[in-house]
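Next come two complexes built around chain A: one with chain B, the other with chain C.
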Partner chain A sequence: MGEKSNSSERWLTAHHDPLASLYTFGSCMALADLHGDGDSKLIIADLGTGAYNMKLKVYKGTNLMSENTLIDLPTGVITFHMDTTEPRVPAVAVASGSYIYIYKNLRPYFKFTLPTLEVNPTEFDAWNQARDELLDVSMLYEILDSLRQEVGECGLTTRSQRFLMCHDHASQLTFLEQHKGFLLKRQTVVTCFSTLKKSHAEDDAISCLVLGTESANIFILDPEAFTILNSMSLPSVPVFLCVNGLYDVEYRIIVACRNGQIYTLKRGVKLGRPTAELTSQPVGLIRRDKSIIVATMDQYLYSFNNKGKRLWSLKLPAPVLCMESLEIRTLGLTLTALGLADRRVLVYRDKHLVDTIHTQDNVTAIKFGRFGREDNTLVMIMKGGSLLVKILKRTARFEVEESQGPSQAVAVKLSIPKKTKLFVDQTMRERENCVLMHRVFQHDLYRLRLSTARAYVSALDTSSNPVSLSQSEPLKLSAQVLGLGPTFKLRVELQNTSSVTPSLELAVVFHCDDRIYTVNQSFIQIPMLVPGIVHVAETLVTCISELGISDTVRVFVIKGKANRPLLTAVINMPVAEVFMAT
Partner chain B sequence: MGMFDKLAFALGLKKREASVLVIGLDNSGKSTMLNHFKSEDQRTTDIVPTVGFNVEKFKARNVGFTAFDMSGQGRYRSLWEHYYHDCQGIIFVIDSSDKLRLVVAKDELDILLQHPEVRNRRLPILFFANKMDMREAVSSVKVSSALGLERISDKPWHITASNAVTGDGLHEGVEWLTNQIKENVGNNNK
Partner chain C sequence: MATKVNKTFQPCRTNIMDPLFLALSNFRRRNFEKCVEICTELLNKNPLDQAVWSLKTRALTEQVWVDECDGEEEGLADVLMDDNTIASVARPGTSLRSAPPSSAGGPSQTFRPSTQSGRPLSGVVRPGSQGGRPGTMDQALRTPRTSQTARPVSATSGRHVRLGTASMLSTGDGSFINLARLNVAKYANQQNIAKALFEYIYFHENDVRHALDLAAQATQALNFKDWWWKVQLGRCYYRLGLFRDAEKQFKSALKQQDNINTFLLLGRVYIRLDQPMASLDVYKDGLDKFPGEVTLLTAISRIYEGLNDLPKAVKFYKDVLQCDATHVEAIACIGTNHFYSDQPEVALRFYRRLLQMGIYNCEIFNNLGLCCFYAQQYDMTLTCFERALSLATDQGIADVWYNLGHIALGIGDINLAYQCFRLALVSDNDHGESYNNLGVLEYRRGNLETARAFFMTSASLSPHMYQPHYNHAKLAHKVGDLQTSFIIVQKALNLFPAHVDSQELLKTLETHFQTL
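And now, the complex of A and B:
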């Protein structure tokens, strides 16, 4: 509940459209000032139903401004500056299948096609023979099927993959008839892409495109000529890219791959260097100044440094659906937002949870940035297709609470001294003689308890305690010493603690060593004690010893001619001040 | 106030002075609005985003206004509160075509109303639902409900649809503000 009120304190709900019917992911969203008017637009590549109705949608504020139909499913949308013409408006790049479509001013401008791959010769021959009707359909199917066992599904062309999906003879035949006339090509598809500034680091400098492909390659494209500037390979298929640096100077590409590994590519290398191994498949990758943050499918959030050393890890309460970096420049903060499968968006500052946003549905895509004229805007797409826009309040702060759980305590290293020889010897001895030691300890403990019990009994026997527990005379005694000496005043308060019975024939007797103290009135008769009333008996005690020592004075309460006192109080007398001065 | 001053005001010989604070989000049209009140020869043709604040003087119905044209950009909004103490009225300009940020305007208004310098004073607040000419602009009634103006019960307020470029609605609003300020000054002197 506390978190809930926190989130409403920090975020303003600017727009909520439950009927937006958007189906997209974080990589297919971008925020950019497409017209150079200071108003950032939201660009979304909508996957439609997943089979048709794919659209590139642009929102201006709360309104849908334009729609462009896409031919194939989009895998990513990015905005980048490809030239230096004025006004400085960015181009939109949409990755879809084997192509990158470039839009300028929201009009199609260029289509880049990924280079084709080499077709397996056996596969090539088989299709050629089938075309020339030297091979019948079932034979072709068998050859391709055995080839699939050999090189794997990915080694085949899409045509062969589709053909192998046709199970009955009739559909195989129609497929062959339809496609045999065309040239067999093996193409790869874009899995992820990003941008890399070419030679200047400014916000509106020209950027290269960095593509990750299904053929486990990374391509860097020239933004003007659309030629491949650099091609690098990886051991597995890249799924997330983080790029920083400048192409002409020095750059670093961090790639999270489908095999659960993170690789680093630098300028001048051709093969990715393994950096870190994850426990599961990655679902998001973010790069900070000197660290990488990765969310994995087994509900963990990891942070690694650039060398691949794990800095921290965090178990998350639910599976992660999406991840986004929140860079809040006004606060100088970079946070991490995670959309979880329990209808929450958690915001982390390093490994500390600083905010929770509760939503009505699971958030599948998050984008943070400048939208409209507001810098800190969080755009979220729900699983059900609704669009939610939240704006960070000007007054919002994300402070880490210092007392936040045991994570702080764990981090503090205990200062444990080195093991000495003595310590080791003692440990050995304890390990060997543990039974004996325990027995000795228990024996001594019993003896201690016994002597305590004896002392208690004797105290009860001699009534040398200041509270009488006897049923006949329940009394309470308290004594005070007043004065600095050598003459002190002893003040004894007696109280009858019974409810109704009065005490009769009581007397107070003071007893001390007569070489040290003289008591003015050592016997005081007490009148009848009415229950509850405090009676005060006072006497003067003079210290006569010249040695400057102090002793105890005993106070007894006696009743009639009884030979045992009812109560005893032992008063430790203070040292007389006069003797201390001399 | 002396007898002669009262007489002078009654006859309209001497001007009253009032300072007003002009606030609102960035790009809502505060400087454009004030530009309209300037005399013909002092007007600027291109308005640029205000940095910090500008002080403008104009006259309306025998009252000399000193307007503090505050910058609406996020990083300058913290300056607003330093001028609450000295002003006799507030003009809050809203871009009614920016539906996305109405909620931000509401948040800023809430902060304004909660401020100790404003909370306990009967400061008149004039709202301009600006940019009424824009196609996507919402009506002043909608702006009023989006900002929750009906909650303001302890201060006089007024909302006017305006177009700062052409000047539509500006004079109506300022006339209301002038009356309110005159009334306030009158009450204080009694």
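And now, the complex of A and C:
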């Protein structure tokens, strides 16, 4: 509850619209001053229902200012400066399918198409032959299907992929009729994108676009001519990008890929250098100062340095849904916000938990930055579609509380007792005299074995054992004394511990000093003992001594007319109490 | 003439000392029997000599005098037929009865074995430290009485009467004072002999009713000004089970005079009322008045031990050692705590100190042997155990064999371990721990039926142990008897709720039952 009050101390709720019905992710949100009037807008590429109704929405303050329809699902939204015209207004780039749509002043301005890929020759021939009606529909389906087995789904064009999804003959036929007239192209799609300043580091300097594609490539686009300046390749599909530096000077792109690896790309290289290996798929990537922070699907938060050395890791209390870096310039701090699946947003400063925001629903997207005229605004989209805007109070501080420790989420260390100096000294002795100690121990051990064996044999000889494990009569005896005296009840439990063989002709005999005790029934015949069943024999024992002393009573189990008991138990009788009071 | 005088040398009337002086001297030298003999002779000559009479009472009392503050055992009847209604669900940490099995940072039940009442094993055997409070009448009557530590039925009738008869046997011909004909009112006014008389009645005759009568009248005769009589009144009430009255008397006595004994007695009253916190306050008040008093410090640490707050108990035992470096109980308890906190090398030091102090018995060598083994000083281990075996009485030898069994398990000699556990059972038929370990060995050999019987015996012999229940449940689970396993693993968890293996077994079983 303390955390709750903390978060309400730090954040003001500026706007909450539970009916905003937004479906979007952190990469599809941007905050930018689109009109150069000092008032930042919130730009959201809404995924609509996930199939249609995709829209590019712009919020001015709490109102929806404009809506542009998108043709395909958006994968990212970014604002960047593409020219040096005054007033300095940024353009909006929306990545969607294999295109990048550039909007200026919220009007469509340019469409960039990703370069096509080489089409598999077999596939190309198959479609050509189908067009010329040398192949019928089912033949085409078979060829493409076998090709899919060979090169995988990704190796095919989207047309073939879609065709293979048609299962009945009629739909295949209509699909073929509809599409066979067009040229077969293999396109790739944008998976992630970011910006890279071209030659100046100012906030409003011209930036290049950096794209990651499904074909495991990274493209850097020229912002004016929209030509590919540089193309690099990766071993796997990139999903998160972090870019810093200047294109003309030196830059570094950190890429988290679908195979759970992090790669680094620098100016002048063509192939990504593996930097770090994750234990699971990444769900968020942030780069700050000299370290990389990655959240993974197995509920861990890792920090690496640029070389890929792991600095720390944290076990999180719930799966991570989204991640955002909070750069608070007034405090000179960069924090990490994590939206978790348990309806919380945790704010970390390095690995220290500094704030917790409780929300009504799971947060799926977070954006932090200047919104309206407020510098530090946190925009959150819930899973249910509601929009929540919180403003950071100017008085808020994010001090690491030492008493709180490194955060609750840190894995608890095992408390291994410290070894004392004495122990170390003794180990020294052990090390110096190891041979002697071993000899003495072995010598003593032999003697112990001998004396134990002697004692054991003598116990067996006198049958003074309550347990018999001989093959013929495996029996177990336990005896109890009940009562306060002078009359006690002796309760003897006999159990046959063998698995199948019953025991016959058994009897229990009690033996004691007749000056101290009298036994009511000193011989009890035991019926056949069935394995596993406990048989109870009871008798009364009366203490007749006037001295108020106690003695032992021996219980023997005998078989037939044998002259040696099978088992013996010695019962130490308690002092009879009531007798003394008379 | 002068020589004549010399010749009529006055014959010495007696060539011995004054008999009363001799008796006193004997009394001081603690030759009580001799003292009583002389006094009896003198009283035969002059039955009204109060000095002799008083000396004889004191001599007789001293013979059987017991320090009540230490080593009092609660009888069965006191525990079970206690008609003081006490909240059965006390707040945690405020009751000795409901102290949680493992709390406050001490070693867990897995490492530190517990006594029958579920408390961690203490370093010394004290009255009550083994038994504890049984839960039901059945358990109370059954468990402690089969083992060697037979608990008396009630504190008042059992032990005290036994002591009384013992004293009677020694004097032989009837009692010295006939209490029934004693004019209590007369003696109550004679302060010079009333105190001696009271102690005689209380300790020697064990007649609390008469003692109470005398104390009440004596304190009245002195206008309630003498604290000593108040303490004695409190003692009588305490013995009669009237704890609230006893508390009143002790408190009133403390107002007049600070006395260590009174603090101790008041503390015991609160313990009997199951108010350990109140008695801790009393002891701490006492420590303010008498800083560094060993008996008070020991009493505090015993309470913390009873509350399962072992770190605090050890802290106070360490304070005891600051004041009295030869305090056996403190050394033993700290040693035990170190041993079970995985520091056997430190425990070894403490036990060695005990040995140097002249304690030379089976238990000390047994403990030394165990410490040596776990501190990796192997050359000393078996020598210590050998000596322990040679010194052992019937009672202790079972534990020595049991520990040797553990050593054998530690070096991987299963056969030796088996023999040792069997030998432990020979000397003590009720050794539940050995039954449990034998069960595990049989289980490893594949004799499941025998193992099961052993686990069941172990569980019935030592109802405080969770291990046999867990082992039995695991065995039942292995042979596919899920229902039995489910029932028994819950018993194990009742005894030790934090046992991870049992919890996991229970979870597995629950998923078994829930799966369609």
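Following the convention adopted for this analysis, the second predicted complex is superposed on the first by the 405 of 582 C-alpha atoms of A that agree within 3 Å, B and C clash if a C-alpha of one lies under 4 Å from a C-alpha of the other, contacts with A are read in each partner's own complex, and residues count from 1 in each chain.
Just so it is clear, contacts are C-beta pairs under 8 Å (C-beta built on N, C-alpha and C of every residue); 3 or more make two chains touch, one makes a residue touch a chain.
Just so you know, these numbers come straight off a predicted model, no measurement behind them.
Q: Looking at A:Q495, would you say it contacts chain B, chain C, both, or neither? Reply first, second, both or neither.
A: Only chain C is touched by A:Q495; chain B is not.
Q: Chain B or chain C: which reaches more residues on chain A?
A: Partner touching more chain A residues in the overlay: C.
Q: Looking at the overlay, does A:R449 come into contact with chain B only (first), chain C only (second), both, or neither?
A: Touch partner of A:R449: chain C, not chain B.
Q: What is the contact status of A:H35 with respect to chain B (first) and chain C (second): first, second, both, or neither?
A: So A:H35 meets neither chain B nor chain C here.
Q: Using the superposition on chain A described above, determine whether A:K351 touches chain B (first), chain C (second), both, or neither.
A: Once the two structures are laid over each other on A, A:K351 reaches no partner at all.
Q: For A:G532, decide between first (touching chain B), second (touching chain C), both and neither.
A: second
Q: Examine A:F371 and indicate which partner it touches, taking first as chain B and second as chain C; both and neither are also allowed.
A: The answer is first: A:F371 touches chain B but not chain C.
Q: Looking at chain A, which of its residues have contacts with both chain B and chain C?
A: On chain A, no residue contacts both chain B in one structure and chain C in the other.
Q: Can you list the chain B residues touching chain A in their complex?
A: Result: residues 25-27, 74-75, 77-78, 98-104, 106-108, 111, 136 of chain B touch chain A.
Q: Which chain A residues qualify as touching chain C in the complex?
A: 417, 420, 422-423, 426-427, 429-430, 433, 436-438, 440-441, 444-445, 447-449, 451-453, 455-456, 459, 464-467, 469, 474, 476-484, 495, 497-499, 531-532, 548, 550, 569-572, 574-575, 577-578, 580-581
Q: Taking the complex as given, what residues does chain C use to touch chain A?
A: 141-142, 145-148, 150, 152-154, 157-158, 161-162, 165, 341-343, 345-346, 349, 375-379, 381-383, 385-386, 389, 404, 411, 413, 416, 419-420, 422-423, 425-426, 429-430, 438, 449-450, 453-454, 457, 460-461
Q: Which residues of chain A touch chain B once you look at their complex with the stated criterion?
A: 12-15, 38, 61-63, 330, 371-375, 389, 391, 393-395
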